[in-house]
Amino acid sequence: MATLQETVRELVIANRILAREGVVDAFGHVSVRHPDDPGRYLMSRSRAPELIVADDIMEFALDGEAVDLRGRTPYGERMIHGAVYELRSEAQSVIHNHSYELIPFTVTEARLRPIMHTSAVIGHDIPRWDIRDKFGETDHLVIDMDQGRDLARTLGDRRVALMSRHGCVVAGLSLREAVMSAVYLQVNARMQLQAMQIGTFDCLTPLETEKCTARQVSPLGLDRAWEYWCIRAGSDAL
Amino acid sequence: MATLQETVRELVIANRILAREGVVDAFGHVSVRHPDDPGRYLMSRSRAPELIVADDIMEFALDGEAVDLRGRTPYGERMIHGAVYELRSEAQSVIHNHSYELIPFTVTEARLRPIMHTSAVIGHDIPRWDIRDKFGETDHLVIDMDQGRDLARTLGDRRVALMSRHGCVVAGLSLREAVMSAVYLQVNARMQLQAMQIGTFDCLTPLETEKCTARQVSPLGLDRAWEYWCIRAGSDAL
Amino acid sequence: MATLQETVRELVIANRILAREGVVDAFGHVSVRHPDDPGRYLMSRSRAPELIVADDIMEFALDGEAVDLRGRTPYGERMIHGAVYELRSEAQSVIHNHSYELIPFTVTEARLRPIMHTSAVIGHDIPRWDIRDKFGETDHLVIDMDQGRDLARTLGDRRVALMSRHGCVVAGLSLREAVMSAVYLQVNARMQLQAMQIGTFDCLTPLETEKCTARQVSPLGLDRAWEYWCIRAGSDAL
Amino acid sequence: MATLQETVRELVIANRILAREGVVDAFGHVSVRHPDDPGRYLMSRSRAPELIVADDIMEFALDGEAVDLRGRTPYGERMIHGAVYELRSEAQSVIHNHSYELIPFTVTEARLRPIMHTSAVIGHDIPRWDIRDKFGETDHLVIDMDQGRDLARTLGDRRVALMSRHGCVVAGLSLREAVMSAVYLQVNARMQLQAMQIGTFDCLTPLETEKCTARQVSPLGLDRAWEYWCIRAGSDAL
């Protein structure tokens, strides 16, 4: 099992990867469940993912309370993370982002479907959550556990849920899996938009999606992608 | 209150950020009201924003007259800036740019609407000014105060106005706010074009736009974005 | 005739080029027939093309058996390569990739056609293979010689075949030719998608395609492009 | 008047700029009329523009005959350049490129029109030449003076002509003007494609095009853009 120090280092790298691949800009965040205490998770203080270093990583209880505040400001939307960890004991990592290429699918009626085998990790059925439905006209931020839990219930046991006019939430059985789903979610959105410009498009069946996902998250797929993303994100220099 | 030297430094960085984020190419400019004299503003001599250094920054009266010419050539369209400062005493910064992704919305009937919470800062109602309406067939440059004031009146009390076949003008309560509006104006244009390719799209309501904007321009949003853009633009090396 | 060492070096560079030009991400691979033994081919161990060094290059029999395993993990889809070399004695290089810009043409009814003289190398008639047709709902990977040979037969004597929801296979009379076809296949897909957004589009005739290809793969065309791609991919530093 | 050495240096920089701005890949070329002999022009040997150094620059008679071959291989399509210099005594520079963003407009019925004031330099009326019309099914290369002159006549006294399934030719009163037209031709194509996806679009009138062009090619516009492109292309290091 990974030590806390190893987990923190991998979390810093995950932040850099999401920035390098264009999944996040100044906003968006990634967390990982605490390796020694399933009732806690690790996440950076409020800072752009591209800039995060080990010292920025904080520890939170599932209700969003900081264990070690030390004068640092947490992300306002950390409740998304705690609510997913609370509902899904198997989830080890959560990502929230506003990928520009994803947003068009959060404001239209189109459904995202996996159209390439390597993007099967996004799942065949991607629900969409709209904060308006239960909370009215807000600033769209998920700032309390009520909102977080409502979103987590929409996500259910899936890897990905979209959020109207806002972005998405991604859950993974490991940090690396969550990063892979977030990256290919964006790639699939880009490719599907192009396919829709051509005309009717085909996608993976539910069974194919399941089989392709198993391949992608096996070490052969996941470790190869992780090594690649690490080098691109400059993890050597960290 | 910021000193003149601090303001000049921030203005240089703002130029670099707008270049790095692709909002400006060789053309386009950003100004800030003089910190000690509301009747003056600071802006670079005529030069591509990516290349600007502190010594390029000049001081102008609101009518566009240079206070300290020193043989330097000012931007031909500086009247845009003076006219906005003149009409709007609360405005502290003005940006004029020709973002390539914005231009399609200046030559078609489509209306830009904020479709993501972080792009709410562009406002819900974005007017469009056409130099043809009062000034006929010109070279499209805003070169005197009559033209500048006409444009400023179209902008009114908003943050953003488009200019037909030309670009936009952005006003902010601070330099950082103006930069944020200019960056997300471009991002929103890109995303909305994609959403329109899918079909009918949804956007923030006027109330949501107001609430999201308040969040974005709070220190939690604005400082986080500013730190990110600074690092990307290489402000450390300045 | 190239020595084994020269061939390995060129293969490493080809991997870097395909990564630099965006044809491959963490996945995709390129092989070359062994310069001394037509019954073998050279290809990297399972690793992202951008990261490959000479020591990663392995030797395989056409049936996919590794000659010198040394504990390394081969690509799961190497059967694509062996099957093409087996069917086509003149083929000296094979590339398999999942270019994001190509995928839309693998899930829609549109046919790719060469629309620019320099992309004639993709051929006028590009068939599409669907693993579903004979092998049902799978994880889409080509993992045995039956699947590889079925794909190779669809490719026939052409340079390029698409693979539904997956990517493509490219064959060349030399490594450089295969790289050129793979790069311009992606470029042509991007340009054709744009042309289709405008309306009906024209393309090269079969005779023009043949004549343009002859020019492109002559030393005047191929060496010029190869020098350019090498420098961009940083081959000097290898 | 510029010396030969200065002209060669500026020509090398122009090559680098066209590569940096994505107007050319391994193919495409730019020439300038000889500063001391209007019956000759300067152009690189056959090499990708990004890689060109002063020693690559050769001297040609207008009929394409190399004055100083020294074992170097000239571009196969240099006749385009000579034919334009022959027909248009005022032209000082010619560019031929295959910009990927331009190609969609060479295979469809759409007409390119200047939709932004800074892209007015492409002209209001852009003709299209098709090598098929007089020369049948060829490899699309312009390889003799008959073909070059036919293309030059289609260009006439304009700055830009498109070439079906091939690219464009650009003529300028100076090297800098030609580079500006080539860069904004590509930018305008990208923006116009987006505008067409929205719907009906407006463009500059012929009179506006003329007025905007005069501004752009004045020192205020041209020198500012040139300084910017030089820095981006790394001209300092040359």
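A, B, C and D are the chain letters, set down in written order, and residue numbers restart from 1 in every chain.
Note that a residue touches a chain if its C-beta (ideal position, glycine included) is under 8 Å from a C-beta of that chain, and two chains touch if they have at least 3 such contacts.
The model shown is predicted, which means the values in this text are computed figures rather than measured ones.
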Query raised in the report: Turning chain C onto chain D with a C-alpha fit: angle in degrees, nearest 5?
Result: 90
Query raised in the report: Based on CA centres, what chain would you say lies at the far end from chain D?
Result: A
Requested in this report: Would you mind pulling out the distance in Å between where the CA atoms of chain B average out and where those of chain D do?
Outcome: 33
Requested in this report: Using mean C-alpha positions as chain centres, tell me how far chain B is from chain C in Å, no decimals.
Outcome: 46
**Report entry** Touching two or more other chains - residue numbers and ranges from chain A
**Finding:** 197
Requested in this report: If you connect every pair of chains that touch, what shape comes out? Choose line, ring, star, complete or other.
Outcome: ring
Requested in this report: Just spell out which pairs of chains touch, all of them.
Outcome: A-B, A-C, B-D, C-D
Report summary line: In the complex, the residues of chain C that touch chain A are 25-27, 46-48, 50-51, 73, 76, 98, 100-101, 103-110, 137-141, 164-167, 193, 196-197
**Report entry** Contact footprint of chain A on chain B as seen in their complex
**Finding:** 115-118, 187, 190-191, 194-195, 197-205, 207-208, 211-212, 214-215, 220-221, 224-225, 227-229, 231-232
